[in-house]
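Presented sequentially are two complexes of chain A, the first with chain B as partner and the second with chain C.
Up next, the complex of A and B:
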């Protein structure tokens, strides 16, 4: 077949055009549009508001650092809310990691054909709104409630006064975010081939050595994803401190909500939100940096 | 085979049941110290289960495993002086070649400098390039991974090495090379190797002795030569390569008669009344006259196939199709569909039970 020079150039030019927008990119346009309007636009609006004059609504037309100055004013105690949120989220992640590991291990290695049913039991509560579930716990812990009443009826001293304490807030967060730790962790653990564990055992490793040398490092991607997910969710949690904690503990999301509602100070609320995003973002990226997928998958 | 050394491992009535199914059925076997024993059998014959019981990864339902006079049934795998090379090799993907090889030393508590030195020594022994030490195992080629797995097993310094078909995933040429290498390593190390495979070729090339397994039992144990030339039954005969099988019964005068091919045949025989005459294709030959061999039958030449150094012929005698092989140098090739005489000597044929 004879192909003229210009025909080759034509083909090349056509290829060039296609490369500007590949088939995949064109297919992704609707998703990009949705993300831009539904996700990026509100984010930009919040950032815009954070630089507007305090208590005003003139985002993008004014520029001031007054809102950030207010937050960083030594007289302002809002940093304690930040600290409380981060500590609570950190505790939630730590407790969940310890609590979910045995369950995840069971789901991945022990329960066998029952693990589907057990997973379902953990997913089931997600069908009910978080608030309703938290009120359920209020009924459980309240004076004369399920726990207290049952203990009294059995002739025992009443239940402990847990409700409306920081401990109750933490309990609520651990309860609500358990599935978000459990499932990535289960996935991580089930990705550890059984052969490797048997091989380790065959070559003289004790159970503890196998856990430390083989199981934990290989399940780490799943565990880290679970930790990041629960941390991000827990930092943004507000219902637990309100419903179960009875506002005995004020978290940062509560402060942001107050700024947007009662205080009608959107710029301050926006500045707080932007700071929260930055803090969580930095911590999350630090976590992802520790998640060396390339090494685990052998690309390096 | 090192002579004069006693058994290192004895199995007596070793059994494994999974629910109603019996995977390994009352196996008795003695493994000699320092030998290369291959357990060969079709998939599902129970050979992997047997090996896993020996390694301690599976608990026997019944019977006993005795290592140098000591029952080890209840010893967990990490306390047995044995090491299994898995079919998947089970290399640690999050570790480098060096770390993989040093793993058994690390769990033993050897200091880092000493175990690195030992790992490097083993790499040299297995002919792994020095610069692979810090490389991730997943970036090694198939053959290199085999060597890493073997080096790691040697680092554990076991008395017996088990192999669960580690070569099965490799291409033919590499497999052939590694088979011989493994046999050389066996010779150098002097350790006992127990290898399982479904590949007859692998078993023949490497082993001092072969144990043929079928349906949870060991059917025959012997040298490759014995197994090949003196199979105890039809299963072994057919499993150990291409073979001609004629249903036959014992007739008058120590001769055997077959319903499928007319004639009375003189072959080496067993005690049974009915069974099969088995003759390997290379023992059958095209002959000129009825006197040229102990047994001669008349047949039609159906087709001819070139096997490189040898030529294979398919002939039809009555309803029976027979295969024979001759070296290319031997004789002329007869025309297809002509009448030929096929013969074999009595010592080359064998009468076995079904």
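Up next, the complex of A and C:
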């Protein structure tokens, strides 16, 4: 806040601030109500169900660790789904970090007046549901599809059989989560002041040095948010493995869904979901606890 | 030095254009597939026709899907804009004691896998004894969309100068007048883009709808059911229609905003 000169202005401002304080809190009430009833309560319900009798529906009335015991039973192979999801999410983050960096850099410093249009082109796919887009890839890669058909028409042997493999699942995840890496990264890179880079260049720093010593550390908050967001979304992703992966790979959310639907074992599904929530929650809290959101979003 | 920098700029442009082409490749692929006459997709398409589009347009079932999706998106937009507007004021405009914590709590639903959130909501609705329908799905959408729209509006509100409001108060305007005459006109572009996000994100949402619509069906859900069992060219046809509808909304909204802005600056 600006420090004002005269004492009268100062008290006026203080009174204003005092009044605003309550206005701000009041403005937050609807959002808080929504989060309490639509986000917190369902999570509490899931935690309650995870301690209920297996295959039962009596949450909060019974307490048993049987569901967790089932999951941690050495004979149970559900941990492999967990491991697959974690590995896929990790790979997605690593690939996207490399893939999105040049585009984020372009949006922040190169594209100038075109950056609005370029951003829009990357935002728009978010408005098309992911299964439509993933199914488009199925039509692209399938035998007799766009790729295979084009190669055949050119007299080449048909396209490779990429569909319904773990690699196709990974490809789908990289494809779907690109915007979630790109935009936080762009915010981060826009926070790097131009003068600092020019000063570094004037003092004879090489491009690599400028990147390593100035650009990367200053853009890090944004890059980390992008990586975190991509990871937590990818670890719970399921459409990619179902549509593009053809269920050649079973991810953890698929197991949770089966427990909730076909198996009708809500307590087991809840216990699995709680473990997934732990991973997501711990990472998210660690990731965003120290962030200065005013600085990142408001560039103040 | 200068020339080298320009060379790398060109590389960045080339890479970005390539990635954009890849991003739109499956959307184009679906479009091509919807224009084939045959029951099964073969590329190159032997005979182009709008037959499957026509069938989709004539289908009463699909008209019902569109109505459901539209109803949901409209209601989500209405509620999300109001809640998120105040949410964004609390986020970026006012300085209050709990603000730092609030800013982070708002992010939590965004940092959460949507399929898991959908299942958690399904369980919660069941525990409450709520009958699932498109209305319960609207609530599910709001849990995710309100935080997103809050952020979209907050980013624009950071640029808002509170001195303008203070000046209006000093001139004797009431709180309602200030909101109507000063705050809303300045924040209008942010509200407009927030509304767009709300509408289009709800329109395209699949994971939350899947578990929370009950007997009602939204467009993405129907498409998914057909993808898993029983492909017909109606699937890419309807998918392309939904995509074109989203693009049309975006274009019209952009034009309206431009028009308004031009009128505001005589």
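Methods note: the second predicted complex is superposed on the first by the 256 of 300 C-alpha atoms of A that agree within 3 Å, B and C clash if a C-alpha of one lies under 4 Å from a C-alpha of the other, contacts with A are read in each partner's own complex, and residues count from 1 in each chain.
What we mean here is this: a residue touches a chain if its C-beta (ideal position, glycine included) is under 8 Å from a C-beta of that chain, and two chains touch if they have at least 3 such contacts.
Note that the structure is predicted; figures quoted are calculated from it, not measured.
Chemist: One more residue to check, A:157. First (chain B), second (chain C), both or neither?
Modeler: Neither partner.
Chemist: If we overlay the two complexes on their shared chain A, which of chain B and chain C does A:204 touch? Say first, second, both or neither.
Modeler: first
Chemist: Answer with first, second, both or neither: which of chain B and chain C does A:27 touch in the superposed model?
Modeler: A:27: touches chain C, not chain B.
Chemist: Taking the superposition on A as described, I'd like to know which of chain B and chain C A:142 touches: first, second, both or neither.
Modeler: second
Chemist: I'd like to know which partner A:195 touches here: chain B for first, chain C for second, both or neither.
Modeler: first
Chemist: Check the residue A:112 against both partner chains and state whether it touches chain B (first), chain C (second), both, or neither.
Modeler: Touch status of A:112: no partner.
Chemist: Touch test for A:74: chain B only (first), chain C only (second), both, or neither?
Modeler: neither
Chemist: In the superposed arrangement, does A:213 touch chain B (first), chain C (second), both or neither?
Modeler: The answer is first: A:213 touches chain B but not chain C.
Chemist: Between chain C and chain B, which one touches more residues of chain A when both complexes sit on the common chain A?
Modeler: Chain A has more residues touched by C than by the other partner.
Chemist: Which chain A residues lie in the overlap of the chain B contact set and the chain C contact set?
Modeler: 201, 297-298, 300
Chemist: Which of the residues in chain A end up touching chain B in this complex?
Modeler: That would be residues 193, 195-196, 198-206, 209, 213-214, 217-218, 295-298, 300 of chain A.
Chemist: Which positions of chain B touch chain A when the two form their complex?
Modeler: Touching chain A: residues 55-57, 76-80, 82-84, 86, 88, 90, 92-94, 103-104, 106-108, 136-139, 152-153, 156 of chain B.
Chemist: Of all residues in chain A, which touch chain C in the complex?
Modeler: It is residues 1, 16-17, 20-25, 27-32, 34-35, 38-39, 41-43, 45-46, 49, 59, 99, 102-103, 105-106, 110-111, 118, 120-122, 124-140, 142, 144-146, 148-150, 153, 175, 178, 201, 228-229, 232-233, 235-239, 242-243, 253, 256-257, 260, 266, 269-270, 273, 276-277, 280, 284, 287-289, 291, 293-294, 297-300 of chain A that touch chain C.
Chemist: Report the residues of chain C in contact with chain A in the complex, numbered from low to high.
Modeler: Of all residues in chain C, those touching chain A are 1, 9, 11-13, 15-16, 19-20, 22-30, 32-33, 40-44, 82-84, 86-87, 89-90, 92-100, 102-117, 119-124, 127, 139-140, 142-143, 146-147, 150-151, 154-155, 158-159, 166, 200-201, 203-207, 219-220, 223-224, 227-228, 235-236, 239, 242-243, 246-247, 250.
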